[in-house]
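There are structures below to look over.
Both complexes shown next keep subunit A, but they swap its partner, so subunit B is in the first and subunit C is in the second.
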Partner chain A sequence: MSIYDVLAAPFIEFEFMRRALAAIIALSLAGAPIGVFLMLRRMSLVGDAMAHAILPGAAIGFLLSGLNLFAMTTGGLIAGFAVAILAGLVSRTTGLKEDASLATFYLASLALGVSIVSLRGSNIDLLHVLFGNILAMDDQTLLVIAANATVTLIVLAMIYRPLVIESVDPLFLRSVSRAGAPAHLIFLALVVINLVNGFQALGTLLAVGLMILPAGIARFWSRDISGLICIAVLSALISGYAGLVLSFQTRLPSGPAIILVAAGLYMASVLFGNVGGLVRQLFPRRHLEA
Partner chain B sequence: MRSLRAALAALTMMLGATPQHAEARINVVASFSILADFVKNVGGDRVNVTSLVGPNGDVHVYAPSPQDAKTIADARLVVINGLGLEGWLPRLLQSSGSKATVVTASTGVSPLKLGSEADPHAWQSVVNAKIYVTNIRDALVQADALDGDYFRRNADRYLAELDALDREVRNEMEKIPPARREVISTHDAFGYFAKDYGIAFIAPLGVSTETEPSARDIATLIVQVKKDEIPAVFLENITDDRLMRRISEETGAQVGGTLYSDSLTDEKGPVPTYIAMVRHNIKALASALGR
Partner chain C sequence: MRPQLALRDVTLGYDRHPAVHHLSGEVASGALLAVVGPNGAGKSTLFRGLVGIVKPLSGTIALSNLDARDIAYLPQIAEIDRSFPISVFDFVGTGLWRATGIFRGIGGKGRERIARALAAVGLTGFENRGIGTLSGGQMQRMLFARVLLQDAPLIVLDEPFNAIDARTVGDLLALCKQWHGEGRTVIAALHDMDLVRANFPETLLLAREPVAWGATADVLTAENLAEARRMCEAFDDSAAACADAVRQSRAA
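Here is the complex of A and B:
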């Protein structure tokens, strides 16, 4: 088996592999920068919380129009927004930390969702149906992810300055500008859009994983924020591509395969990373001496 | 006053003396809708049937509620499929403190293997459905001997209907040209149907709707569909169909419709009973494959 057979042939032979790769590229471009900001704001676990928070919206969509992906996704988006914005407002206006208020709201939301589903008396696992698979990209789903990535990058560029300053020095930003709170809320909205579309297209594991793990990897290779973002996007792309190839060659399910590759990169970064990697800490380079 | 008391006493005695079948209905709990349909057909109006996993529910990924524990605690019989389908049931039985007799409807079916485990979807073959009905009849007779004849009569009538259904399936399947007796469906629910009626089913998901396919699995499937010129891809009522549509688009196999495997629909849906379900499935298969 030549290198060509391993690395390129699957994508040339099968359309679903090309579509999966396209989805991965769009997801990496939009998700990885968001992941970096989430990490800087210590909100890395928000993705998993959000996967549960969207349940009531999806359930109401299901009650109104049955197993209709569009209705369930729209409902999920609305529920996600509500939870993110309420949590953001509470942590802005009171002393409660963002993670604590988010945890409260997502649990309440999940409880509400389970109740709604049970009232209907249906035992179908809604999230199971709503969450998609990377190998099943239809035209509509691909367009949604691509549009989503475009919007995300444009909006990120627009709120980049206040967002960066707020992530590193919120007090300074508050003293010179009032853009902090709006930027934060817009950013939360971006997180929700990316996650919900990601769930719908790719499933929880991939949507959250390709957002958070690359940020963790980048953290060991760069100190400045543009470096972090570039490395995060790059490692998301590499994990996505390598994971697809791994899944094709070994029979591992695709989503887990991609995340396992990313986790491998993360472990390697923890060991050998430039910035704070363990090996570098044990064997420090000599300081410049006069 | 005395006369009123006497009248009440007389009334009580009369009530006690008349046979009260409505009161003596036995509560039966079935784990999912297809079993409930069998119980209904045999038990008629002498049993109350509740299905834990309701219409259009997925028995593979089911989580019981306190309501279910209460239902089970009140039941005389709990009818389950067995063959590893209801993994959640033993704990539910224990926690509900139920004294119900558990009836395994698939007892006596010769199980097919799927990997290392038994394939639970035995009801998809009408031959096995008859074994299910016989088991349910015996259990009902044992639980309520007074109504034994009634249950036996119902069961005989229903078994005759199933016999006719079995012949109908065989007739329909024979009309399909042998080269076209191959389809793709979402999960491996049709092993028993395939074995008894000679239609090959190939599925990207494993036996449970919970597993996730690898890129290699999908690629193998696509190659196979192209090579064997498999004419149709089928959807199921309880899973996301995007994957099947992708395979259909990539291979040119047509989407043949929806097959019902693990769950009936409610009264208004297309398949409220087991017999309607089998008829629906063979009609979908015959119209996509035969020509």
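Here is the complex of A and C:
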């Protein structure tokens, strides 16, 4: 088998592979920058929690109209926004830390979601909801993903400055502007949009993977936020492409294959990364004069 | 001259417990005012009230010709995430917020101003360093550079010289005097009485309630300082509602 057969042929021969690749590109472009901010704001696990929080909405969509991704997306968005905004408001108004208030909301949501799916669906439906299926993208789904990614990038560019300042020095932003709270809430909304996006492809359990893992990888290669974002997007693209190839050649399920490749890149970065990687720590270069 | 700031019977606090109790007075435009008092005297709370982070429990704080968001405020315990990957240049550049807002670029002129501010605090050459690599004194210099860029008519500094070496204090104090010379109003919370006597014409001695407010030499007397020490930090959960406040709310 030539290199061409392994790396390019699947995408040239099969339309569903091309669609999957297009979906992965859209997901990487929008999700990875969001993941970088989640990591820098120490909200990595918050993203994970939110991924579970969208489940009841998606499940209600599923209950009403079957395995229709458009209905499930709408439901997921509504549930995700509700939980994000409620948790944000509770922590902003009561002083309860955001992670604690979110944990409460997402556990309730997850329990509710699984219950709703079980009411009508089979185990296969539940599997689809939990792990997604990137190899079954129809036009409508692909368009929804691309539109969400576009909106994410535009809105992120608009709130970039207040979001960065709020992450570094929240008290300063509060003393010069009212933009902090709206930027924070809009950011949470973007997290939800991208989780729902990933939900189509990777399912509710792994959706956050294509956001957080690339951010973790980037941390070992750059000290600067623009560098972090570029490397995160790049590693998400590589993981997505390599994961699809791996899944095609070995018949592994596609979602887990993508996340496993990303995890492999992450391990390599932990070892060999030039910012705090283990090898660099074990064999430090000589210190400088000044 | 019109006062920059007028406090009318201001009480500030948390959960109904006052940290600053019935403070009245005016700060003239262009004043260089030191706020002194023991720990827990309410200095930080007063400053948070000035910039609008804490709302008064009663009384009013009136700013003339400026919005609370135009005050340059340097908090005592900065909530800065020093592990965030941002360079000294970009961090100081956030001081241009009033000029740039959310969208406008910094531009060549802004870059020049940032470079000049860094030079003024002695941090030239640190532009591309991450903020996590700075020492405590360098961090404080950087924060002063940001205050410099904010170009604010009223500058509020909460214990800016804590844990800072003498040379840095000298450099930063020179900046405060420069601001004073430019006609800006500067209010600073301080603990070093000798430094206050030598550099600040006006002083407010606070111990939850104002002990004295006026020319520094009249305020920092032995009796006043002893009085301030006596007024201990009281936080009594079962304290009765303040009689003054009750009278006022009935009148209102």
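The rule is short, and it goes like this: the second predicted complex is superposed on the first by the 243 of 290 C-alpha atoms of A that agree within 3 Å, B and C clash if a C-alpha of one lies under 4 Å from a C-alpha of the other, contacts with A are read in each partner's own complex, and residues count from 1 in each chain.
In the analysis below, a contact is a pair of C-beta atoms (placed from the backbone, for glycine too) under 8 Å apart; a residue touches a chain by one contact, two chains touch by 3 or more.
Predicted model, so just to flag it, every value in this text is computed and none were measured.
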Of subunit B and subunit C, the partner touching more residues of subunit A is B
Should A:110 be classified as contacting the first partner (subunit B), the second (subunit C), both, or neither?
neither
| said: Contacts for A:211 in the overlay, against subunit B (first) and subunit C (second): which applies, first, second, both or neither? | reply: neither
What is the contact status of A:149 with respect to subunit B (first) and subunit C (second): first, second, both, or neither?
-> neither
Original post:
For A:21, is the partner it touches subunit B (first), subunit C (second), both, or none of the two (neither)?
Top reply: neither
Going through subunit A, the residues touched by subunit B and also by subunit C turn out to be none
Given the complex, residues on subunit B that touch subunit A span 53-54, 56-58, 61-63, 65, 209-219, 222, 238-240, 242-243, 245-247, 249-250
Residue positions on subunit A within touch of subunit B in the complex are 10, 13-17, 19-20, 69, 118, 121-125, 128-130, 132-133, 135-138, 141, 203, 244, 247-257
Per the touch rule above, subunit C residues touching subunit A in the complex are 51, 53, 69, 71, 73, 75, 78-81, 84-87, 91, 94, 97-98, 100-103, 130-131, 146, 150
Given the complex, residues on subunit A that touch subunit C span 40, 158-159, 161-162, 164-165, 167-172, 174-179, 222-225, 228
